[in-house]
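Notes follow once the structure below has been shown.
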Amino acid sequence: MSKISRRDLLQYIGAGGVGTGAGYLFAEAIKRPVEFLIPPVVPPEDYSPGVATWYNTVCNQCSAGCGISVRTREGRAKKIEGNPAHPVNQGRLCARGQAGLNALYNPDRIRAPLKRVGERGDGAFETISWDEALTQVAGRLGRLKIEDRADRVQLLTGGIRGHLGELFEQFITLLGSDRYAQYDFTYPANLRLANRLSFGIEHLPYYDIANCDFLLSFGADYLGTWLSPVHFSLGYGQLRQGREQRGRCIQIEPRMSLSGANADEWIAAVPGSEGVLALGIARILVADGTYTGSDRDAWQRALEPYSGDRVAAATGVALERVQQLAAEFGSSKASLAIGGGAAAAGTNAVASLVAVNALNHLAGNLGQPGGIIFNSAPVFGSATRHAGLTQMTELAASMQDGAIEVLLLHDTNPIYAMPDAAGFADAMAAVPTIVAMSSFMDETTAMADLILPTDTYLEAWGDDAPEPGVGLPVASISQPVVARVYDTRSVGDIVLSLARRIGFELPVALPWANTKEFIKDAWKKLYTELDPQADAADFEEFWLAALQAGVWGRVEATGGPGDAPAPSTIPDIDAAAATFAGDTAEFPFILHPYLSATLFDGRGANLPWLQELPDQMTSVVYGSWIELNPATAGELGIRDGDLIEVESPAGSIRAPAYLFPAIEPGVVAMPFGQGHTAYGRYAQNRGVNPVQLVALQSDQQSGELAWAGTRVKLRNTGERARVVRNDGISRTLGRQILHPEENHA
Amino acid sequence: MSISVSEALRPARKPALIGVVAVVGIFVGVWINDTYFSDRTPVQPIEFSHRVHASDNEIPCQYCHIYASRSPSAGVPSVAKCMGCHTAVADARERPEVLKLAGYWDRQEPIPWVKVHDVPDFVHFTHKRHVLAGVQCQECHGPVQDMDRITRIAPMTMPWCVDCHTEREVENGRDCWTCHK
Amino acid sequence: MTMFDHGQPTYAEVNRDVLSSMLETGPRYWMLLGTTMTIAGVCFFMPWIYQLIVGVGAAGMNRNALWGTYLSNFIFWIGLSHSGTLLSAVLHITNSQWRKSIYRSAEAMTLFSLMTAALFVMVHVGRLWFVHWSFPIPNPMGLWPNFRSPLMFDVMAITTYLTASSIFIYMGSVPDFAAVRDVSTGIRRRLYTVFSFGWRGTAREWHTLGAAYMFFAVFVIPLAVSVHSIVSWDFALSIVPGLHHTIFAPYFVCGAIYSGTAGIVTVMYMLRKFMNFERYIGEKHLDYLGKLLLVLSMLWTYINILELFTTWYSGTSFEMEALDFRMFGFYAPLYWEMILFCAFVPLLMLFRKIRLSWNKMLVVSILINIGMLTERFIIVATSQPRKFLPDAFGFYFPSWIEFSITFGSFAIFTTLFLIFIKWVPAVSIYEVKETLKPLRRDA
Amino acid sequence: MRSEVDMSNVLDKLREYSKPGYYDEFDYHWTMTIDLDRCTGCEACVVACQAENNLPIVGEERYAEAREIKWIRIERYWEGEFPDVKLNFIPMLCQHCDEAPCETACPVFATYHNQDGLNTQIYNRCIGTRTCAVYCPYEVRYFNWFTYTWDEPLEQQLNPDVSVREKGVMEKCTFCIQRIRMAKDNAKDDGRRRVRDGEVVPACVQSCPTEAMSFGDSNDPDSKVSQVMNSPRGYKVLEELNTVPSVIYLKKVHDDV
């Protein structure tokens, strides 16, 4: 070994130093970043880090009123589950309900009060304080009240039930106006009217699918979108495998829905002919003696026109099939006919639904297990201010005339959910002041002058009595499950503080400090009037118990008045064929829009989980499509994914074609839900809105928009459009996937 | 000229040695960083002394870390909890660190304690199971009661966890899904 | 026909020809090297780095097709590596003289295609930074790789093959390194002194080299066969229709040697053309390689037919559908292209005229390798996106990143080869000399 | 440095493992049954899984590239042509096969069969060779092609009991292992050695509106799942592949009058 010179030594030291430095930096680079433990200043009462807490409240994603349990941790909502104690959903929950978290934590929520700065509708807003916002609104309303022009204030909300609806009602009345309307696209107004006509009871009865042996559904997608899908799904499970005798389901509709896919038989009847088919079956039931009521002769006379041949011709269903259906419907121990979907949205919707009701009556299903069981009226707060097309058109006219000075909006989106032809958007332009109480910047909110951001249903107090009920009085409290994510207020709080600021008799009549106090006070009434024998020692205990359980209910005998239809309805039975807007020659196809089982009527379009959820029937995500029968498409030379221009007398839109094997050749179907021009990043500018195609026609009796009553024509643009879908080949190719041979079982 | 390999390699000896020194240096550097500049004993926003609290005043661990036996997280006491005692303990009120605490309380601000015992996010450790199984706090956290500034004694690495699970024959203690999920 | 197209060279000429190819470097070489390195950097490494940053999603793979061109290229390069060392070893054992002027570059091809293949494994995996977990390195976590996994077999096989091939080529080069040492000075001399392990050329050294070389030749042959069998098991051990075939191991081995041999032809052409080795790589080589290719192509065709038969014979919907998609689906043009290039084009070599034409053979050999590249792609792209559940059927088309990386991999191979020819005598000097006829006294 | 491999009894172990019914001797054999006669294809389970297991929102572009992640998906199979057309649904999730093809594939043991009959997936061990997913005949393994992010504040919903996965990692249904662990935890708190039947409810089972799914320990003959799986309608999808799945389907009844 040679001696190490000074120079060498320096070199070694240098190398060692560089190496050490490199090693140090390397260790620094791979180090985990420093984390902090930040405990609360004062821990909330039930705070326990790392341990989940469940809060029970009410789902608001559709109007079924399911009870939900929200799992929270460290003050954040983690998951929405069904509340097992709630009789409507019994611990189960549909996709839409579970996606509610996306509404709470939606990145596109309105985070603070906004005031319009630019032109109306161009989306320029500035943030203002709550105090300023409330003062402005209260000032405007107060001045109108002083000037005795408060009847020029219009309140327009969604289908609000529970005491919150009553609060609105009181508020607007105290203000001195009677202008309160609820516009909810999915509100079953036709069904309610039909039930009133048939049974004299407007509120929805209990459809006992669980115990029914033969379920005949006229267009009602009870597993996807109709009234209370989770409860009906529970019933369906019971019907299939929950009892000794497996029940049968028949679905009659021009385009197979989720319920149609699960039915034993799917029968494609001519759109709008459901009532005729029901009466055809009814006639057989009366004729063959299944119906033995004293008014049998009157029925026979009334049903005389619905001869087999006529029914077969009108519905496109073979006579033998009609007879088979009648035989089975009449002979089943418990049969049930229901009507909904497009069958309840034609120009003859109410008549059709009355016909379906008559069928139930004639088969003796009323008040029977497995049939229609009448509920007593909801415990409180049924939505009574529903506005159909007629009322909304009138409202639009008043707005145009300048009869409305202030338009208060909450949780409703008529610009999206009404045909453009109704002119609502134009009418809104004529209103001097528009105040929106909304969580999201939807199409209608975007038109407002002042936006008061509201809590989502997971942050606010409220209550609900589900409708259709489940045969017993049920109510549930909606409570905040997490602290507010943004600087928002619950709509109840907004109304109450407006009342305080307006003054006059309002603060006296609406004395509550906040919505919680209001709801609690309302439940005190419920406690004293409805449930005086409750186990609870006092109201506080009752209240806490109800809060914890998330639901209050009382077991009592079901049934009510109207076990038989009012006799006066018999001669009125008339299922006239539906009329369709548009000339048959020019517009050869009937448009069959339907509620999407994922996005519903469009309110779910801003929830990314629902946008990413494949449509149950087509597996399409993130977009619109138009369904055609493959044979029709073949005739028109249309392939899957061709961009089609759909034109109706009311408008035209473009959507890619989807060759759907289960749709009548003369019908094209489109789901509602997409085609938002606002409503946040997940919804905006995605797909098309078929409401724009719907002609302004209404049901003859109810005045509801007949959204299934439009004809369209198709034109292949020759362009291709992307349809994002997650299926491969939706045929088993003979593989043992679904029905393995017996030796495999 | 020679064809001897060793002779041919001679000029390379020094660069090689320098390389070796540099490589050794890298290890030394990593070690230095790990030992003297690591987050093992970070400076905390308040010079809180576990020795004073746990040893001198004999406050049991779970008096402050109240969730340890019922939650995955042991829980750091809230400012309110600290103040709960410190408004009562008169003789400690004027000390500078306690004044800092009072400052946080007056501003209603949480204290940003620096995390000393940290595992990656894909490790789902639970205090509850360990405390209930009778594992003493000190077995993982070291003699905390003797520390003025909290320092990490155990490496908190997977081999360290697995060794203990193996020695004590924890049920399914070597199944990955016990900790990773 | 002789081994030497332009007459037999003298010993001195051999030394001069080979060494000058190493020692005399013109601007053309540097330009070529610069180009290939640039292509490798821009087309291979830059997209790869991008992919490392964003995730493997940069490639065109999806939930139905989780393997893509990275894996098919991996097999292609492994396949290309097969001929060099294997042929060299086989021919060494059988004492074929014609091997001697071409085996060095053939073996280098093996080495570099193996390296390229190994790169593709790294490009393929999702988390490159943890790839060391697939080696059985003792670690404090007490975790070992899964020896049941065919991928683990791969790791073992490839590292073994790479090591053995490296030793094999190195061992054969030692006397040549000494030759380089003897003609050079300065740093190069030092370097080659080290490389040649102080080779002096004594009888004892020659004897030891011969024995060791023979030993490795024998050792490498089963190894080579096993490596591609093991690679085939990546596929065959799955139950994916179209991949789960017992024929796969021989199919892959045969295909590998086939494509490798075609690769040798291409490389020989390039060496002749650019390195002026016309004297050493002659018609005889071409003829023999051509005949070998012909035999291999027929074997390959036979195995393909066999595969069709077993699929048909199985009678299952899964296998039939996979075959149907392969032959008549979206990728059908590629399938028929493969059949054309690998089964029919090589039949041209039945004609002696084609066999003896360097240009024509170059075209044939490149077509064969295009066909083989396609074969690997078809295997990957048509089977696993369409397995058992039709509703989960998908489709795979490579992204531009994959095209770029595939293209860049050829540049990497070329770069490595270009560097090789300047460091190692591309033609074995001493073994070529062995084949020379004794010098005439009057020469 | 510890090395735990005891070579002396490797052969014995191999013999033991390959014995039929090996898994029946463990504490649990978690099993799921899905009654296709009840299943309506409503996809409540799909969203439940997405919420519970921190599945990313991939966005339209990624979805179009077929890079979505859905641990449970509903497969749709049409039968017949208009007008006699039927649509069948079958939920497809990891079958937790006892003879899982994926388990042999992983070179680093990121997936293996654990003592509860579960097919594990250890994200932090995965190196992303994707072989397991290629080998899986049910195509229920999903790869993280990118590191997915959540639009603020959607990340507040993330379940802290489940790791968020990074790019390059395979993931799949775990039978909600966090819920299984929680149930075991609760059982230990109560001084019970075993989890009671019905105590573990994976998110999908919990949400199912028609009660089509049930979950439990098939080693326990009294559990609900043991009784349901013995139904004459019971079958396993692609049983001929001999993967021995732990998800048992009950055939849909075709009741054509």
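Letters A, B, C and D name the chains as they come in the text, with residue numbers starting at 1 for each one.
One rule holds in what follows: a residue touches a chain if its C-beta (ideal position, glycine included) is under 8 Å from a C-beta of that chain, and two chains touch if they have at least 3 such contacts.
As the structure is a prediction and not an experimental result, all values here were calculated from the model.
Among the chain pairings, A-D comes first (most C-beta pairs in contact). Of all chains shown, the one whose average CA position lies nearest the global CA mean is D. If each chain is reduced to the centroid of its CA atoms, chain A and chain C end up 63 Å from each other.
Chain A and chain D, compared by their mean Cα positions, are separated by 31 Å. Distance between chain centres (mean CA atoms), chain C to chain D: 42 Å. Inter-chain centre distance (chain A to chain B, centres taken as mean C-alpha positions): 52 Å. Each of residues 64, 140, 142, 388-392, 394 in chain C touches at least two other chains. Touching two or more other chains at once are residues 120, 126, 159 of chain B. Annotation for chain D: residues touching 2 or more other chains are 2, 4, 66, 68, 75-77, 112, 125, 237-238.
Residues of chain D that touch chain C in their complex: 1-5, 62, 65-69, 75-77, 92, 101, 104-109, 112, 125-131, 133-135, 137-139, 142-147, 167-170, 237-238, 241. Within the complex formed with chain B, the residues of chain D that make contact are 2, 4, 112, 114-116, 118, 120, 122-125, 161-164, 174, 177-178, 181, 185, 188-189.
Contacts from chain B toward chain C in the complex involve residues 1-5, 7-9, 11, 157-159, 162.
Here chain C touches chain B in the complex through residues 140-142, 178, 181, 189-191, 193-194, 196-200, going by the rule given at the top. Those residues of chain A that touch chain B in the shared complex are 8, 11-12, 15-28, 31-32, 34-43, 48-51.
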